[in-house]
Amino acid sequence: MSKGFPLLSGVDLVIDRATLTIVTGANGAGKTSLLRLLGGLDALTSGEGRVAGIDLLDGDRRLLRRRVGWLGHEGSFYADLSARENLEFAARALERPVGEVAAALERVGLAHRASTTTKRLSAGQRRRLGIAWLLVRRPELWLLDEPYASLDDAGRVFFDGLLADVLAGGATVVLSAHDALRSSDLESCEVRMVGGRVSAP
Amino acid sequence: MIRIAWLVATKDLRIEARSRVLLWQVLPFGVIALLLSGLALGPTRAGTSTLGPGLFYLVTLFVALLMINRSQALENASGTRASVATLGLDPAGVFLGKALALTIELWVTGVVLLAGSVLVLHTDLLHSLQALPSILVTLAALSAAGTLYGALTQGGDGPATLLPVLTLPAFAPLLIAGERSFSAALQGGALWQWWVIVVVAFAAYTAVGVLLYGVLEES
Amino acid sequence: MIKLSQRLLGPLTLLLLALTFWLGLWVTPPDAVQGDLVRLLYVHPPIAWVALYVSFGTATIASCLYLWQRTRSMTMDRIAYCSMEISVVFIALTLITGSIWGRPTWGVWWAWDARLTSTAILGVFALAYLALRRANDDPTQRARRGAVFAILTAINVPIIHFSVLWWKTLHQGASVLTSTGQLNVHGSMLWTMLIGFVGFTLLFFWLLRERYRLEVKRDRLVASTVDEALAQRRREGV
Amino acid sequence: MIRIAWLVATKDLRIEARSRVLLWQVLPFGVIALLLSGLALGPTRAGTSTLGPGLFYLVTLFVALLMINRSQALENASGTRASVATLGLDPAGVFLGKALALTIELWVTGVVLLAGSVLVLHTDLLHSLQALPSILVTLAALSAAGTLYGALTQGGDGPATLLPVLTLPAFAPLLIAGERSFSAALQGGALWQWWVIVVVAFAAYTAVGVLLYGVLEES
Amino acid sequence: MSKGFPLLSGVDLVIDRATLTIVTGANGAGKTSLLRLLGGLDALTSGEGRVAGIDLLDGDRRLLRRRVGWLGHEGSFYADLSARENLEFAARALERPVGEVAAALERVGLAHRASTTTKRLSAGQRRRLGIAWLLVRRPELWLLDEPYASLDDAGRVFFDGLLADVLAGGATVVLSAHDALRSSDLESCEVRMVGGRVSAP
């Protein structure tokens, strides 16, 4: 609910563990809003919902957020820290070994930009850094808002490979997209949104 | 909690060190403001050191507002919020960390401004040094309060300008207490009452912050 | 019983206030020193008492109850908000009646006196509370932030109280303010004052109730527009 | 030029009216700051009206900084800059428009603060009204200078805090002249020298802005 | 040149009037930087270049900018004004009839969001508003940085149609993209960038 405007207007949806769900829909249909809701980033004003066993209405949303990995429209970090420092911050906060950071940067192809200030990275590089952050985070539920936007072709292929890995590892992925997946061997379930409502689960 | 506090504090201080805003922008601003305050109140009166403590705290207050603002702006850059929220950091730790970083920055500022007021407003050097402990505690209380109020103004429209409205009334007693004990030090005495106020304020804000910061973040 | 007292709240308030004014303006004698100015005694202190203690107290308690998980409800939030709003009005009235009194007595509208200063600071707190609420659209966010701010204010009240008090006593002698009346309060004056206190306190609760009802109505109005907006949203893109 | 100025000014004022930042945040801030300045300088001294003009201008200055800051922040939101740059607006018009909007906002603030200082600092009402014209001109000069310096600090890191450093020295003469002529008005006289200074400053800043704003934008 | 880092390292390029040029390249190759340079938004530090007859080194870049339409990664307006107010501002600034605004909004499918504050629009809607702004602007040179990102399918088809119109109208279009054009009947020339250099003009 944003200034009296209902962002979502009727969502009835069950997502299984370790599956890939793709949320599609026209611009302004409510995809981003749905993902934010699932991640506990926005509050539910009415209705009911449970994610990872936590009630969205009056559960502890902080616990939920801790289990969620978020990739937003804007690659989102401390703009004044370098790529590496941002990841190290996440690793330390979650008590992950700091050694993983270099590996994650290498994997998304940012090793040569590790010490560039985040705000100077290009759009696609910022998106890649967001993916590296998720690699360090290793969340149970991946919420990806248009992950393909501004990635180059190599990046998209890499990303599909990553998704396969993640799903095999038992995590759940929900992503919004306008572009189709590259690799067709990923099994996915499509959710179509229209006017804030899920039209075809 | 302590671990998170340390992590957050070092992060804030690193960003500060990187951008040099304190060194190149806030400190010069404070010194110039001190000079101008002296000017605005007229050349004859500025010379008299009785106005010194008041002006010192007034300028410190405005500088503190700038820095609280910056400290919060770091967390609220578009998108940063969502990412950091999913780290699920312990809110008490975040509060302590941000307050700690702010305290250290304000201490640096305070010492520089104290030197400035000795030079510009002719407050007595030795007595100013005696006032230093009470200044440091007052600034720590100001940081705790500022971090808390800063979190209150996050996200809404125009937080930069809402912050002063919220903080100024709360800072008033701190200001009075700080000014009084500084003045007292200048006159060679020390007044325990003012110590009580700043210490109580510091403790109260820290306690409330540790307890309630999570409530603010939640929303 | 509750219903009856609810129905009587309005009339009783009016009755007591009318009585206060009648007693204050016509029955009680003018003061030897202050003359007719003393009649402000029946209005100013009760208003100040409501402004500072009754309304801030209500707002703080309601905010605490809101923050406590088990009693959290929109009701508490509304009570806190409405009493803070009424507090602004009463603080303004305190300042106005006080200034009117101060002008002939002290020769100035305003002085840096302990009580005046602390009243002003509290008024600013109440205004800041309202500003904070305006700056947040999301109802839960607004409620939480408001509650935390109200509690911070409550902590500040004693701090302000002492800081200003000590400050004052250090610099000047006893205030003009407290040295009036009090000792030579006449029998009828005492009664009038007492009735005034009860009357203005009831007035506060009466206003609070009416304001609360208005707020509920407004929320309902908002809810109905939400239903409408929801329907419109669903029609989108179909 | 005039057309663009008008367009820019109405746009700024509309955004201001929409967000109500002036009404709910800046004005209360100013009044509180006035109150606090009184407090910081102690009860006995604040009561004396000789400090009134100085405090009035000091507070106005801080408020002006907040508003210059906001006025520039509007233009520098991520991305807004590129779009607006491609409109190729006449820089002199942009300068005049932004300065005009700022002037109007500052005038509103100034009148409220003047009322506040009459109430709180006991400056004399009638004499304060006599000082009003000089205050309005000073504030207009402040707006012109502020818009110019605001543009100077665009784009760099942390403009919010760099701005004051650059602006304060430029404001100093304005502040002094304003304060002096206000004080003179309070004492019943009117000093033409101070008028000359503020009018010249206003004219100079406006001229420089019209001529050089384009150079600043270019870089 | 950003903090001592050369954004472009050797670009040798001629673009004809009324043609469509597509700049491709991996993330961080320098596409955005090239477009900003062409639009006069960034300064040229060495080398030479002329756009629309204006010298990039010491010409009047403001004149250049006036003839250019820019669509950036972020839809970029006054966030506190509504969609309609933003467009009206542009129309007034350029002395275009204000009546065109409603038509432009209608055309990009934002008529029902005309009075929503820009900052509340969804990512795709902001992109559409950016296109509407260009429609009102009617520039000679269109510089579009990843225009397809976050547009839905209908939006992309619409956009291709728009491109055809624009080119037919005699304007020049340079766009950066990772996605291919939908419609294949647009004649285009591809420029490939690698490491800040144009590798295949």
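Going in written order, the chains are labelled A, B, C, D and E, and every chain counts its residues from 1.
Just so we're on the same page, contacts are C-beta pairs under 8 Å (C-beta built on N, C-alpha and C of every residue); 3 or more make two chains touch, one makes a residue touch a chain.
This is a predicted model, so every value here is computed, not measured.
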Given subunit C and subunit E, the chains that contact each of them: A, D
Best-connected chain pair, where connection means C-beta pairs in contact: B-D
Most distant chain from subunit E, judged by the mean position of its C-alpha atoms: C
Geometric centre distance via CA averages, subunit B-subunit A, whole Å: 37
Whole-Å gap between the CA centroids of subunit A and subunit E: 28
Centroid distance [mean C-alpha coordinates] between subunit C and subunit B, Å: 31
For subunit E, residues contacting two or more additional chains: 73-74
In subunit B, residues with contacts to at least two other chains: 19, 78, 157-158, 162, 165, 168-169, 172, 176, 218-219
Contacts with 2+ other chains: residues of subunit C: 121, 124, 127-128, 131, 135, 138, 140-141, 167, 236
Pairs of chains, among all present, that meet the touch criterion: A-B, A-C, A-E, B-C, B-D, C-D, D-E
List of subunit E residues in touch with subunit D within their complex: 36, 39, 41, 43, 61-63, 65-70, 72-81, 85, 89-90, 92-94, 130, 133, 137, 139
Residue numbers on subunit A that touch subunit C, as the complex places them: 1-6, 9-10, 26, 28-29, 43, 45, 194-197
Residue numbers on subunit C that touch subunit A, as the complex places them: 137-141, 222, 225-226, 229-230, 233-238
Residue ranges of subunit D in contact with subunit B within the complex: 19, 21, 24-26, 28-29, 32-33, 35-37, 39-42, 45, 50-51, 54-55, 57-58, 61-62, 66, 69-70, 73, 78, 157-158, 160-162, 164-165, 168-169, 171-172, 175-176, 179, 183
Subunit C-touching residues of subunit D, taken from the complex the two chains share: 20, 24-25, 28, 31-32, 35, 38-39, 42-44, 46-47, 119-120, 122
